Every structure is written in C-alpha cells, then in structure tokens.
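Please go over the structures that come below.
In the two complexes below, chain A is the common chain; its partner is chain B in one and chain C in the other.
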Partner chain A sequence: MKNKNKIWNAVKIPLLAILCSLVAAGVIIALTGSNPFRAYYALLQGSGLAPKAAYANYKSMLTDLFSYVNYFTPMIFAALAVAVALRAGLFNIGVSGQMLAAGFTATVLVGYSGLGAVAAKPLVILIGMVVGGLAGALVGFLKYRFNINEVVSTIMLNYIFQYVISFLINTYFVDPVSRQSVEVSAASRLTLMDTQAGNLKIDIPLGILVALAAVVLVWILFDKTKLGYELKAVGFSRSAARYAGIRVGRCMVLSMTISGMLAGLAGVTYYLGYMGSIQPKVLLNTGFDAIAVSLLGSNNPFGIIFSTMLISLISKGSTYMRSTAGVDTEIASVITGIILLFSACSAYIRHRLERRRSEKAQTAKEDR
Partner chain B sequence: MGEEYIVEMRHITKRFPGIVANDDVTIQIRKGEIYALLGENGAGKSTLMSMLFGMYEPDEGEILIRGEKVKIESPNHATRLNIGMVHQHFKLVSNYTVAENIVMGMEPVKKVLGCIPVVDIKKANSDIRALSEKYGLAVNPTDVIENINVSTQQRVEILKMLYREAEILIFDEPTAVLTPQEIDFLLEIIKGLREKGKTIILITHKLEEIKRIADRCAILNRGKLIDVLDVAETSTRVMANLMVGREVSFETEKKPADFGKVVLDVSNLNVFNKQEFQVVKNVSFQVHEGEILAIAGVAGNGQVEIADAIAGLMPVRSGKIVLNGEDITGASIRERTLKGISYIPEDRQNYGVVMDFTLSENLALKNYFKEPFCRKGMLDNRAFEENSRRLIEKYDIRSGQGSGTVVRSMSGGNQQKAIVGREIELASPLMIFVQPTRGLDIGAIENIHRQMIAERDRGRAILLISLELDEIMNCADTIAVIYNGELQKIASAGSLTTNQVGEFMMGVRQKETEKSTAGKSEAGKEAAGKSATGKGTAGKSEAGKEAAGRSVTGKGTAGKSETGKEAAGKKVTGKGAEEKGGGEE
Partner chain C sequence: MNGILIDGLSFALPLFIMAIGGIYCEKSGVTMLAVEGLQGFGAFVGAFAAVLAAGGFSGSSQVPFYIAILCAAVGGGLFALLHALLCLRFQANQVISGVVVNIMAMALTAYLTKLLNRLLFGATSDKFVLTVSYRFTVPGLSRIPLLGAVFTNVYPFEVIIVAVAFVAWFVMYKTRFGMHLRACGDNPHAVDAAGRQVNRIRLAAIVICGALSGLGGICFAYSISANFSASIYVGYGYLAIAALIFGNWRILPTLGACLLFGFARSGGYKLVQVLQMPSSYQDLVMILPYVLTLLLLVFFSKQNGSPRALGEIYDKGAR
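Take a look at the complex of A and B:
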C-alpha cells in the first residue's frame, strides 16, 4: 500500500506534465488548421500502436511496431547513461560522442570483417561497451586526477570524436553513392532487417533485449548493491561520502565508466542496428535528448522506458502524421519541446499542488 | 481582556507531512517586552515564527497584529507590517559593504543630471552610521561583510531590520554562533532595543539568556504550548523541566575515571590547511581507555583540524598518530574506521550525514559494507531497516516517517542524535566528539553527555572537542587547552578552574602581570557560562553596557567598543574565521 503510494507520487507529476503539454500542443495543432485528435491518432498509427487504414505489401501494424521498437532502443541506453552519471552527481553531456566512438569502432572492427553472425553480434555489443566505457572512464579520470569539469571535457571530446571519425570515414570508409560510411555486414547488424515472417517483412531489433536487461541491471545497481549505495552517496554529498570512508575519486571514475558503457551500447544499437552506417560530421541528437528523457523519467530506470517510448513515439509517428493529418513534422518537435518544458517545470507544479492542497484543507475547515 | 497586544497568534496549527509542527498554539505579546520562545529542537519554535514572518501560512488559526487580523503572505508583507527577523544563518551578500547590504531593496536614490537615478551611497552610509549609533550597534558602514566577524555580521542583520522600521524583532537562536563575550554584548543590545520601545521575540533554548533578559517566556514541547511564564518569578530549573517534560539535571553525574592503557597517542602533530597555513603546531597528547580528554579553545584555533587529522580527513604534514599501538598516520579513512575510530564531526550536515539519504541509509553510513548489511556486494534492505529501527528506538530519534524519512527533512537535533547513535554503535575503542551538543537543547545535551560518559565507563577512549566551557568542565577527565594551533596546557580536570582554562584559551599564560586585563574578560565568560546564579552576572553586564554605550558616542572609536568588550577574544575570533573560510575551499 505504502509502496503503491510512493510509485503514484513519483509518477503523477510527469503524467500531469505530459497531459498539460498534449493539451497545449493540441491547441497549436488546431491553430494550424488541423484536427489535434486525428494528429495524435496518426502518431499512434505511425508507431504501430493503432491500425492504419491501409498497408503496403509485406507491411502491417506489427511491422510498424517493430520498427518503432528498433527506433527507440538506442534512446533507452542513452537515457540510462545520463541517469547513471546524474545519480553520482556527474553530468554526462558526451553521450553522443561516446555513441559515435563505440559505433565507429564496432563498424570498422566487426562490421567490415566478414565474421559470422554468432561471433559478430556479441562482439559488436562487447566492443560497444568497452569503447564507450573507456571514453567515459577518460572523462572520470580527468575529473578525478586534474579536477577538469566533466561538462567541459565531454563537450570537447564530442568535437574530437565527431571530426576525427568523420575524417577517417571520408578517407577510408566512405560509400561514394550515399556519402556515408559503407554499410556494415548483415551478420554484424543488431537488427535483423526485413526478416520474412509469414507474409510480413519485419525488422527485428535484438538490442531491445539487451536494453531491457540493462534497465533491470541499472535498477539493481542503484537499489541493491554496495556500489550503488556508494555512487549515490557521492552524488548527494561528496564530503559526507568521504567522511564515510568511500573512495570518492574511484566512484566518479566508475560511474562515468558505466555511463560510457551504456552510451556505447546506445551507439552500437544505433549505428549497427537501426542505421547500418554512419553519416560523417553529424553528431546525433540522441545523446542530448537523452538528458531530457532521463529527467522526464525521474532518472529511474523503469521510468526511462516509458519516457523513451513517449518521446520516440512522437518523432517516429510524425511522418505518418504529416501524410494523413496534414500536420507538419516540425509540430512533432514542438510537442516534444513542450513536454520537456512542462516536465522541467515539475518542481514548480509539485509546489503548486501542495499549496493548493493545504489551502483546500483551510477552506474546508472554515466551511464547517 | 482589556490588555493591548501587539502580536497575537490564536490557535495556530501547522502540519508538515508526518508531523504536527504547531498544535493549537496561542501566544499574545505585549508591546515593548522581550518575549522568549523556549523549547527543544523540533518543538515548533521556528515554525511558529516563520508563520509570523510570512514564510509559511498556518493551516488553522489566525494572526493579529496591533489588534487587526492579517494574513501574512510573504516576508515582504511582514516587513510592511514592521516585523523583522534575524535568521540563524545570516542572509548577507558577502562582498558588499555593510551599508549596501542594509539598504539593499530600498536604497536612497539621488538624481544625476536631474534625471538619472542612482544609489546615493553617501547618504546610505551616513544613514546607517546614525542608525548604528542610535542603537549602540557599533558597525562601520563601509566595511565589507566578508572582512567582519560573525557577531558584527549579526549586528548588520539587526540594522537591516531597524532600517526597515521594524517594531517587532524576531531573533532566531541569535547566540548559537557567538562567543561568551559576544553573547554579553548582544544581550545588552537587545535590552537597549526594548528600552527604545521595540518588541522582541527571542527563539532560544538557552535558559540563562532568557533569565537574563526576557520578560515572559512561552514554553513549547512537541508542537504544543505548555505554559507562558513570568521569567522573574520562575527558576531555570522549572523552565527546563517544563521544556523537556521531565526532571533534568544540570550537573552530569559521573564516577571517578579509571584509566587503562593508552589508546590514542599523538606526537608532534603538524597540520597545514589548503592555504599552506599551519593550523596545528607540534601537538602531542595521549588518550587512555576510560578517559575523556577535552580540548578547549576558542573557535578556529586548530582543534577541529586535530580531529580531522586523526580521522584521516586532513593530511598530516609531520608527526605520528598511533592507535592501540599501531601507526595509522598514513592510513585511509576507511582503514581508520575499521581499526576503531568513531567520529562525530563538527559539520554534521556536510559530513555527518548524507542529507538526501533516508534515515536507515544514514544509520548504516559507517558499516554498510559489512555483514549483515552487505553480502558479496549486494545490500540487504531488511538489515538496514532493522538496524534503523533499533537505533531510532534506542537513541530516541524522532522523524516524520521513521526509517524512510529523508534526513534533510529532520530537525538538526534529531540529525545529531542519529549521528551520535550511529557512531556509538560502532563500539570503537576511540571516539572523537566534536561539538557534539552544538545547537541542541538541554534534554538532548544531557542525553548525549550521559551516553558519552557511559562509553567512557565502558573503557573507551574519548576525545571531546568543544567550544562550550561548561561542557568541558562537566565531562572531561583531562583538559587540554589549545590556542593558535598550540597546546597551552594539559592537566587533569580537577586541577584547573574555569578561569584558568579561559586564560589559556585566550593565550594568556597565567602570569601575574597580565592578570588585571585577563581577569575582566574572564568574569564575563564565567557569567555567560554558568547559568542563572545571578548576582555577579548582573553587576558585570551593567559594566559591559556602559562600556558599549560610551564608545559609541565618539564616532572615531566606534570600533573600539568591540575591542574593549571582547578583549583578547576578538583577535582570535577574527583569525579563526579567516582560517575557516580557507579550509572550506
């Protein structure tokens, strides 16, 4: 009972924020001359959560749903990466860079290697974790050893990864037609593309299984383990953690390493799962959106699943929304922005709610 | 009724999640009196005054100011109603001058070229100077806040209220941060304010202050108003018993000490702070089993650094720390804990607890990594719960939601009880108590002293560091006095009088030639320390007031009143503040 209440308390504010923003965005959609209900329904249809009027060959609601899952898998990892660092009091802005580094390394080492699927897929995941972890550890080490602010070092590393890797791609690995890196082998892809199932062709994302496992592991880490206790203590108060005998520097390096590993997984599930190639000179937004997604999910691993699904639903369904409801895709970004804005205001909303409750108690008393 | 009250709070009730902070409290305050609010930590004094100052709204009840019912919505609104408050933690901009801080928000304005408004700082300075002289507050308007000591900063806070024409002045634990001499001076200022017709509400848990200056006193216990007393007709013992809700003893009972073998042996310890300033100079001492060794000293003379160095929080430049025959000078903090050091730190909110952890998590902060809390890296929630339930029960830790309460939401006294309980439960051979009772009320102080002495009787070695001479004289078996990083004297407690300890604290080496100057400040100290015995106190404070009054008449000597009053203490305090600021970097 008590536990239920606790969950409800944690969930109700984000829910309220989402509801408010859907109403606000609905008004905007209505102002552009479209029907907001149709637009929202189209978002669901586009993500395979509601049936479309008609489907092409080999397509159905199920294919849409799978492609939606394939689309949001990297975001779960990225948001977890942000959350792990935040719990230990660090701000990992470099998730995008770490994703790119991990994705590129795995592409070059495994994606072009011709290894069989059984060896290649686990290897891709392993490389993603190792490279991402190393990139995170570097940031943690710089912070611990030289007291370099992790925000600065991650931003700088983002640039370094972005330009060094695009140089390498353009010099050695570019596909002259697509002007992206050469596509990786199907054996190394973490998403089984166009898999024949009955009369459908489905993209089956294997990464989602790893992502769900990661969610559970991160939850166990913070709720059940000694290391999690230490990381949280460091996140809340470095001085008190030190007083308790916790090795603060080690904790900072460790939390950035774990965060980097998760970012690396985001990288391989994106570049070797969803995409299959890397576009040079482009740093994904995923790593930055992940900060907001993590906050919307209250930095809770399970909350992150839902916030990821919501935010991804809006961007994934936006194409279909344009074609059926006649709402521009840009509106999708507006809705996302409004949701994040509202959820950022959640502290204020909570305060207002409490205040109103106490006022209500007051008036109820006076009425009597 | 007939009688006119300037402030009336009728049937006030205020609830916070899990706790009723004020339960149907009614207080009526007359114009021009000093009205004290007495109660233990968490009794609801500060909450009550926060409502009067517009920071909270009461859930039930009404507030009347000068007979008119008002709903005070914000501190600004309270200010318009001529209510002012000096908070326990000052709210000053540290790199602004005194005058700038005081006039901030209602600066005198002049027009440059007849149209561009700018702050008229000259007028501000002269206004503040005049105001300061009127009330005998002795501040220099052009001093920068970070360069003046705590007691002067407090006077700036008082001036801030007066500048806003406050008639009702609320002081929240004003003496908690002051030395005995500064307390004397402050109490005289408060009396002076009453003579100028101000109404004063004093939140405190120090009985002797109430006895010295208050007219009436309301006693709160666990949110309820227990009684309103006429201070002149009530003994401190009665007040204390009402406040705690049971009999309290002022003197701590203890058996004669029975020393065992040496537990802690510190030799030639030298410690430098981050600014490369030597804060501990060649300090050597030993603590035995069954001994309470107390280090007495004015704040900032290196005593906290000694404790930090022993606990491993501060690096040692040279010297040796030996615990139970084992050299631990280079050991890590965790190793020292495991080898047997309990440490109750001075700064409980930044070090003693993780404020955003729950109570049960905090109660295992020193042993979470051991069985039964942790097996193979996995934590056992039930062990946390059980440990927490046991300690809450044993040490009477009060909180809104038991084990699951976030410590930040608990009162300071209960946070301290949690730390003390946790550290005692470690059952370490050496226990370091730094300022264990700071900010606590009599009931809690008595409790902690009893526990400390019980641990001593169990054969633990205890190092007590305190700024309260009373505490040291009451508890210690051996007294070491520190001044400017050096130990001045180590002697058994029976062989030193309070006066002598005080002299060593001031760095005056007990010589006939200096007796005349030192003697005076000592008398003041004595009065502040030893509660309400009476006569000597009254005489002394009269003299003090005169001194303060006199020096303010001449502008040039405005600063002097402080010097005269605080004598040797001032230099030391100033320095202490400086070091402390550095240490925090």
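Take a look at the complex of A and C:
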C-alpha cells in the first residue's frame, strides 16, 4: 500500500502537467478552427495506437506501431544519457554531437564494410558505445582537469563534430542524388527494414531491446550500486561528497563517460537504425529534446520510457494529424513545450501541496 | 584583410550584445541558457513588425528596420518574462527553465510564423522575408590603413550595438543599480540586508537580457539570413554563452571573445577563398573558433570566476 502511494505521488504531478497542457493546446487548436479531439485522436492513429480509416498495401496498425517504436528508440537512449549526467550534477547538452560522432564512426567502419549481419550488428553497438563514451569522457576530463564548464565544452564539441563530419561526408561519402551520406549496408542496420511478416512489411527495430536493457541497467546503477550512490552524492553536493571521501573528479569523468556511451547508442540506433544515412551539416534536435524528456520522466529510467513515448507520440503523429485534422504539424512542438513548461514547475507545485497538507494536519491537531 | 575585419565585426557585434545580456542575467545570479530562444523570439517579433510596417513605407525606407529593432528588443524582453516566471516565481531549476524557454521559443515562432502568414497575408510560408540592411562607409575615417575597415561597409545596427553596449557597460559597473545587480549574484543576502529586493533586481536583469538578446537576434536576421525562419536557431545563442564564460563574466574580455569568434570565422572563409579550395573545405575551417575556444579555455579556465550564487534560488530564510 505504501509503495503504491509512493508511485502515485511520483506520477501525480507529471500527469497533472500533461493534462493541463493537453487542455491548453486543445484551446489553441479550437481557436484556430479545428476539432481538438479529432486532432488528438489523429496523433494516436499516426503512431499506430488507434486504427486509421484505411491502409495502403502491406500496411496496418501494426506497421505504424512498429515504426513508432523505431522512431522513439534513440530518444530513450538520449534521455537516459541526459539523466545519468544530471543525476551527477552535470549537464550534457552535447548528446546530439556525441550521437553524430558515434553514428558516423559506426557508419564508416561497419556500415560500409561487407561484414555479415551477425558480426556487423553487435559491432555497430560496440562502436557506438566506445565512440560516444570517449566523447563524453573528454568532456568529463576537461571539467575535472581544467575546470572547463561542461556546458561550454559540449557546445563547442557539438559544432566541431558537426562541421568535421559534414566535411568528411561531403568529401568522401556523399551520395550525389540524396546529398546525404551513402546508405549503410542492410546487414549493419539495427532496424530490419521492410521485413515481410504474413501480408505485412514491417520495420523491426532491434535497438528497442538494447534500450530496455539500458533502462534496467541504469536503474540498477543508481539504485543498487555503490558507484551510483556516489554519483548521486556528487550531484546533490559536490563539497559534501568530497568531505565524505568520494573522489569527485573520478565520479564526474565516469558519469560523463556513461552518459556519452548512452548518447552513442542513441546515435547508432538513429543513424544506423531509423535513418540509414547521415545528413551533413545537420545536428539533430534529439539531444536537446532529450533534456526535456528526461525532465518529464523526473530523471527516472522507467519514467523516461513513458515520457519518451508521450513526446514521440506527439511528434510522430503530427504528420497524420495535419493530413486528417488540418492542424499544422508545428503545433506538436507547441504541445511538447507547454508540457515541459508545466513540468518545470512541478517541484514548486509539489512543495506547495506538501506544505498545504502539513498545514492542514497542523490545524486538525489544534482543533482536537 | 579588410574583408576579414568587416565581416568579422558584423558577426561579432550581435554576438557581443547577446553575451552582454547573458552577463546581466548571470551576474544577478540567474543561470541563463535561454539566449538562443530569446534571440529567436525577439527576431520573430521584430521581423513580424517589419513586415507589417513595410506596407506603410516606400520600398527603400529604413523606418521598418528601426521599428524592427525596437520591437525585437521589446519582444525578447517580454518573452524573457517566462524565464523570470519559472525561475523566480515557481523556483524551477534555472538550467531546465532555460531549456524550456528555448524549446517554447522555437515551437511558438515556427507555429506563429505559419499561422500569421496564412491569416494575414494568405500565404503558405514559414518565413518572414526581410531585406538585407543597407551599409554605409564613413568618408575620411575609412581611408586610415587597417583601422579604416572598421568604418567601411558598416551596418547601421553595428552603431546601435556599440552605443547600447557602452550604456550596458556603464550601468553595470558605474551605477548603483549595477552594483546591486552584481551583488545579487555573489551575495544576495547582503543585498536583502541592504534593503533591496533580490527578486526584483533579478527580474530586471532577466528582462534586460531578453531585450539585448532580441536585439542581437534581429541583427543576425538582417545581416546573415535576410529573413526570419527556423534557420535563426543555429546556435549563436549558445555561442554567446560560451563567449561570456570565456570572458569570465566581464564585459570587456567578453568583447575580446566575440571578436575572436568573428575574426576566426571570417578569416576561415577568406582562407578557403584565397587558397581556392572546394567549398566543402569551408566546413573544416568553420571549426576554427570552437577549437580555439577549447584550447584557450584549457589555459585560462583555472581562475574561472562564475558569480558565487549563480543558479541558486534565493531563499530569504536560508542562512
């Protein structure tokens, strides 16, 4: 009973935030002359969570659902990456850059090699983790050794990765037709594209299995291990952690390394799973949205699964929403923004609620 | 050489004014990661005003340009109230609030640009088209060797920025308000003890930051892109934050950092041109400012002096 209460308390306020934002966005949609309920239903339809009126050949609700899972898998990793750093009091805005570095390295080393699927897929995941981890470790090292603010170094590294990789793609790996990097081999893709199953063609994302494993591992790290405890201690108060004999510098480097590894996984599941190629000169928004997703999930690995699904549902379904309900796709990011706005206030609302409850208890006592 | 100076300055100055905004906010003790969003929203309001006003003036009139600059500052300042609301009233984590403001700004401006274009102009467009601002050359002064470049092909907004930057410098270091503001970032309790309201000063700092960021944003819209669209969000706001941290939260060293960014950028472009390299090499030289920053930070970050109360929510009762 007590445990149930605890979960309800943790979930109550994010739910309230989501509800308030759906109402607020609904008002905006209604004001622009569309039916908000139809718009929201279209979001579900577009993500394969509700049936559409008609489907093309080889398509059904199931294909939509799988492509939705394929779409949000990188976001789970990215949000976990942000959460791991945040728990240790560090702010990783370099997730997008780390994703790009990992995705590009894996593309060049494995995606363009002739390796078979059995060797290629694990190798892609391994390279993603190593490259992302190195990029993260560099940031942690710069912070620890030279006192360079991680916000600045990650921003600088974002630009450096973006431009260098764009140069390399345009010079060596460009596909003259699509103007993107040459597509990677099917064997190295982490998503089995257009797999025939019965009378359907489905994109099967293998990355989601790794993502769920990562969620559990991050949970174990923070709730069950000494290292996780130390990381959290550093996050709460660096000086207190130092007095307690925790090696703060080591913790910072480690948390950035783990964060980078997760970002690297986000990179390979995006560039070698969802996409299959890299667009030069473009840094994904995923890394920045991940900050928001992680926040909405209160930096809890399981919370992140739900917040990822929600935020991705809104952006994935928005294309279908435009075609059926006539609402601009841009409203999707507005809804996301409002959700975040409300959830940023959640700590304050929780604080006020608790205070009111304790005041009530106080007066009840006095009445007796 | 002249080209490098001219282009470098026209990039560095808008960056500088945004960085000053960030300094105001952070010096008052409020972490400011929202410069990116604020400059974009300011540019959006400014560009919208310019498009609206353009009908009332002849094609070559410069009045819409000045209206745009004014409205951009007002728009940025108003949008910054969101950051103030979250940080001061709702005591949200200031880093998170900054991210939220950025995301909100990008989402709202993209949505509103489309909506306003459709409703008011009957067009399906996701941008407001502006002209590239005219430029002028100061006769006489421009003929001084090397230094003359500073007076050649000047955008009018550069003059405005220099003037505003000077006022901002004066207010920050020479007035009572500036002193209180800086004290809010280092020791808010002392400010409170002296009978000033910490949160009111911080509110002012946040709004100033928004206004200056908006000003910087519209200048980029008028010089680099010549329109307002989602392409305004290419990370100049983050670059401004990097500049101010690099400049150790002080206005003059930050100017140095911005000039470094500007000249490294224009110098890199020039290099590609002069050596007649293929245009893809431009991407490679574009990393110059960022690599330089990282390297310089390695040497100078040790005595990094961020405001002592930066990022802490002011709690009157705490000790």
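In this section, the second predicted complex is superposed on the first by the 349 of 368 C-alpha atoms of A that agree within 3 Å, B and C clash if a C-alpha of one lies under 4 Å from a C-alpha of the other, contacts with A are read in each partner's own complex, and residues count from 1 in each chain.
Just so it is clear, a residue touches a chain if its C-beta (ideal position, glycine included) is under 8 Å from a C-beta of that chain, and two chains touch if they have at least 3 such contacts.
If you're wondering where the values come from, they're calculated on a predicted model, not measured in any experiment.
Trainee: With both structures placed on chain A, which of the two partners, chain B or chain C, ends up touching more residues of chain A?
Mentor: C
Trainee: Between chain B and chain C, whom does A:Tyr229 touch in the aligned arrangement: first, second, both, or neither?
Mentor: first
Trainee: Which partner does A:Thr336 contact after superposing on A: first (chain B), second (chain C), both, neither?
Mentor: In the superposition, A:Thr336 contacts chain C only.
Trainee: May I ask you to decide whether A:Ser166 touches chain B, chain C, both, or neither, giving the answer as first, second, both or neither?
Mentor: Only chain C is touched by A:Ser166; chain B is not.
Trainee: Give one of first, second, both or neither to describe whether A:Ala137 is in contact with chain B, with chain C, with both, or with none.
Mentor: neither
Trainee: Given the touch rule stated above, what does A:Tyr243 touch, chain B (first), chain C (second), both, or neither?
Mentor: It touches chain B, and chain C stays clear.
Trainee: With both complexes overlaid on chain A, does A:Leu295 touch chain B (first), chain C (second), both or neither?
Mentor: second
Trainee: Check chain A for residues that touch chain B in one structure and chain C in the other, and list them.
Mentor: In chain A, no position sits in both the chain B and chain C interfaces.
Trainee: Okay, in this complex, where on chain B does chain A touch?
Mentor: 57, 59-60, 311, 313, 332-334, 336-337, 343, 345, 347, 350-357, 361, 365-366, 368-369, 374, 377-379, 381
Trainee: Please output the residues of chain C touching chain A within their complex, sorted ascending.
Mentor: 33, 82, 86, 90-93, 95-97, 99-100, 102-104, 106-108, 110-111, 114-115, 235, 238-239, 241-242, 245-246, 278, 280-281, 283-284, 286-287, 290-291, 293-294, 297-298, 301-302, 304, 306
Trainee: Using the touch definition from the top, list the residues of chain A that touch chain B in their complex.
Mentor: These residues of chain A touch chain B: 224-229, 232-233, 236-237, 239-247, 358, 361-362, 365.
Trainee: With touch defined as at the start, can you tell me which chain A residues reach chain C in the complex?
Mentor: 32, 91, 93, 142, 146-149, 151-153, 155-160, 163-164, 166-167, 170-171, 280-281, 283, 288-289, 291-292, 295, 328, 330-331, 333-334, 336-338, 340-341, 344-345, 347-348, 351
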